[in-house]
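Order as written gives the chain letters A, B, C, D and E; numbering starts at 1 within each chain.
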């Protein structure tokens, strides 16, 4: 399934918040259809990195090229880029004033200017895919966390994105709901979409990741295929982190 | 459910909190206040002339039914307030967006406008509009009043807008941008509709405030409710009857408004 | 009868004035009845009257400057003993407060906008197209309402605002007691003028006090009678309303 | 500077052009349109005046009024704060009667124009209060005595003390309704968990209020409260209607005596602006700390 | 370490929120020094139950007796009871306007009326116990989540409570910080204090629990010692729950 076209190419990226350096000299390449899982301790810059991918934040040095478009503040390609890159947030960020169906159709209708009928058809397809077609007319507040997160995934898919970014999509969920979402993500992984996922769910990582990335203090410390990463990580820090995560 | 024997203190508190007791107690206190006000007025030796009041609401003459001066004034007050509120909202939204726009001069202008208006008594602002800008732009007294009220309240409303927009979680912006919406689309479809919820209660307060501050235009003789009241007083010297009546008319209007909006709000809340 | 008499007189405001040793007089700033001079002190016709009255009663005097809007309620609710503030007698007012005999008869003149009222006769002013401006609750209001019932009347909180309305062309004319209109006409001679060389009168100005006080009525009436006969009132009235001697003390 | 220019958006230029346009129209036309002869030179005299009889500079009308306005604002703020906190707590009370009474008080004061509130309170309630406390005579006695310097400093001319007190009370009553709502919002904005934590270390309801809820609420209500006090300064101009000799009242007197309409009002406006703007800068500074 | 005096005795408790029955016929006995861990799916009434123990909520039927004091709305003993029962919340609920030291001393000083000097001495002892003596003069917002939760524990200890209630004390924490707090709780367990703990940290439960309680839909479904609970739970529902929790 992994092809050889480069989808995301990050090279020598630095990112500052005022004086604080959140990313230092980060380089990373993701191929089309590749599934990358990023982990690392809190504050290590995981969120910052993937937020730079679709221009929610902008890097200060280096280059990021996504699907051939360079990510840069104020650049013309940015809105087109964002239509190619879906993002699923820890806090879901559904639009509470719209029904589930409207949440899914507003992007295609307003941004891609497709007709309502078509947008709704598309929306129902993806709701099917995340296993909640029956919730279409409810409001987000009426859904459980797990269901909300699945809607968020469907919302991104509705834009027919070729890349999906996940920022700890399960960490705001109750233990029982985590699995619902992970199952959907595993399914998604098998469709050949390019995925970059920040998560501490190591079971999931083992199952789907092509590449594991470990970050610490704004740097990528280790990049390895999962077999190697879990059994024999190179850095000490990574070992320690894994032992703590897998411990309890 | 097995009822447990409540102890004395709890029983007493429950008794005091029961609705009939509370209402009775409440009526008692209010009654006492009214009675003491009444006896106070009595001891002042003021001759009440309430019987002269109805003619100011309506008259039935040979020409048929006619609205009285107070009702005419009330209509004027409402007309003035509605017009001013409309312009205040438009201007307020503009100022709020300028303030949040990140434009260098835009922000500076918004802040300067806000500080100037906020720190100026409305009376002074009215003089400015009527006596200074009035002759320059050929404004009549009604237009000047509307503009003065609109500008004054635009400043306050812009703050409500700003707070409402800021109250929408940052995640919503990110959600909107990450499905490729432009800034304008994010405002239009995602942020503004949600901020309505936060803005509705303070906006109601602001309408009430505007209706009240419209009373100020009596100093430039626009014939609204307060002006009518003051003119009637200067004609008849029934100061207290007229002031009480005017107060009651304002109360009826503003309370009706508050209650109406809170109904609306509840309906709105159920919906989402 | 004896006790009714006693209680009547002991309830009288005259009694409480004597008891407190001070008479409190309500007034509102109103050129030239009462004004602030350059020092910020009160001067004017009313001040002379008030002081003389207090001197004759043998008590101190305290002037309570009050906004015109609230002057009658303030009297009724007892904030002061008597209003001496150029208040003219009108039947409407008299329903709420008691009046003494008049102590002054001031004549009102019309001050009009030149270009707007060119060639107007007195009758022309009585038309729905004509707008008057006047101070709310002041004597000219009563005069305008009785002389020009057809005209529209705008009421302002003080005379300056009414004059400014005429100056700006928002009203055709205003009315005030001399000498003010003539002074204004001289100052803005391009715009303003006094079209008629005659004065219009209301019922005359009097002291106002709380109703149901025959003692006070008797006292004030007699005091005014005495002061009129000795010519003191006229002399003071002329000083403030005809003379120029005080003008340097009050900016204009 | 170049950096600044670079940051300007084309919209900035549009705004700038509009403002310059409007301002120049006003400036060009004001001389012609406004029929008024300006006499600014008169104004300084009404701020301070050299009194020959006492051989010193004394405050004249406008500054006297300014001082009175500041006095009234300070006292009324304090009183409004006290009343407002009580009202705010009452609005959150567990007892229905208390809540209803507080609500009535609030709705009455909030829904009636201040002018009307002020007249009603002044003529109906304050006279009773003044008579009941025999304040009038007491104040006059102080005014007549020789060593009244402290009193005069605190309250101005003691003869006008009853009017001043009524003005302060009326203003405080009126503003307390708004302060009360701010306090209530503040109390309710304190996280429920805070109250629970306080209760679960054994605090009484009162201790919970005193040590946990109010301090946090106060911090949250600082900005709206600051705005409310600025409003209070502005609203204080309304007490001129009940003859409290504040800045507005003195300005009205000055205008009525001298016809310096615009000069006097603009000066008064400048005074108000300086106080209010000064306060808002001060509050912002305090908040930042 | 387990003694035989009954510390908490709950019998036939029902609790309603308006019409919704959150607890149904709940009975439970906790002995002095016993360590009880409660688990169960979301919404099963775990929080409600332990909040009834110190009168943050009141039950509608049945009796709850803590350390000989009956818990009842408006009863005199309630404040005394709360001084005996410490509670640690999921959201920490530290007082943000007070320093750490003040957070710990305000209870003893205002409620127990001891002197400031003594209260501070006591506070420092307990800060030592939770391993953060150096943070005394900071404000809560300046501490990490794990540190904040440890302060919350110390705050309860400062009241010298004999019973501690924990409501999911680690679920708002980052993976790495969870261990800090769990370590402190394990230490605490060894001091003989009576503990009732709502948690899904099964590692912790295995280590310290004397008794496991499983709740579902407002009822206690199973009460068992941990050996039995983890290896051979009686009810099906419990088995399923455990499999999900332990899975990922």
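In the analysis below, contacts are C-beta pairs under 8 Å (C-beta built on N, C-alpha and C of every residue); 3 or more make two chains touch, one makes a residue touch a chain.
Remember, it's a predicted structure, so these values are computed and weren't measured experimentally.
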{"item": "Any chain that touches subunit E and subunit B", "value": "A, D"}
{"item": "Chain of greatest Cα-centre distance to subunit E", "value": "C"}
{"item": "Inter-centroid spacing, subunit D versus subunit B (mean Cα positions, whole Å)", "value": "19"}
{"item": "Distance from the mean Cα position of subunit C to that of subunit A, given in whole angstrom", "value": "83"}
{"item": "Centre distance in Å when subunit C and subunit E are each reduced to the mean of their C-alpha atoms", "value": "80"}
{"item": "Gap in Å, rounded to a whole number, between the CA centres of subunit C and subunit B", "value": "37"}
{"item": "Multi-partner residues of subunit B (at least 2 other chains)", "value": "44, 131, 135, 239-240"}
{"item": "Shared-contact residues (touching 2 or more other chains) in subunit C", "value": "69-70, 73, 76-78, 157, 161, 164, 168"}
{"item": "For subunit A, residues that touch 2 or more chains besides their own", "value": "none"}
{"item": "Complex contact set, residues of subunit A against subunit E", "value": "41-42, 174-176, 178-179, 182, 200-201, 203-204, 241, 244-245, 247-248"}
{"item": "Residues on subunit B engaged by subunit A in the complex (per definition of touch)", "value": "169, 171-172, 174-182, 185, 189-190, 193-194, 197, 272"}
{"item": "Residue ranges of subunit B in contact with subunit C within the complex", "value": "44-47, 49, 131, 134-135, 140-141, 219-221, 227, 230-231, 233-240"}
{"item": "Subunit B - residues contacting subunit D, complex", "value": "16-17, 19, 21-23, 25-26, 29-30, 37, 40-41, 44, 98, 101, 103-106, 109, 115-116, 118-124, 127-128, 131-133, 135-136, 208, 212-213, 215, 226, 239-240, 243-244, 246-247, 250-251, 254-255, 258"}
{"item": "Residue ranges of subunit A touching subunit B (in the complex, touch as defined)", "value": "54-56, 79-80, 82-83, 85-87, 89, 91, 93-97, 106-107, 110-112, 139, 141, 155-156, 159"}
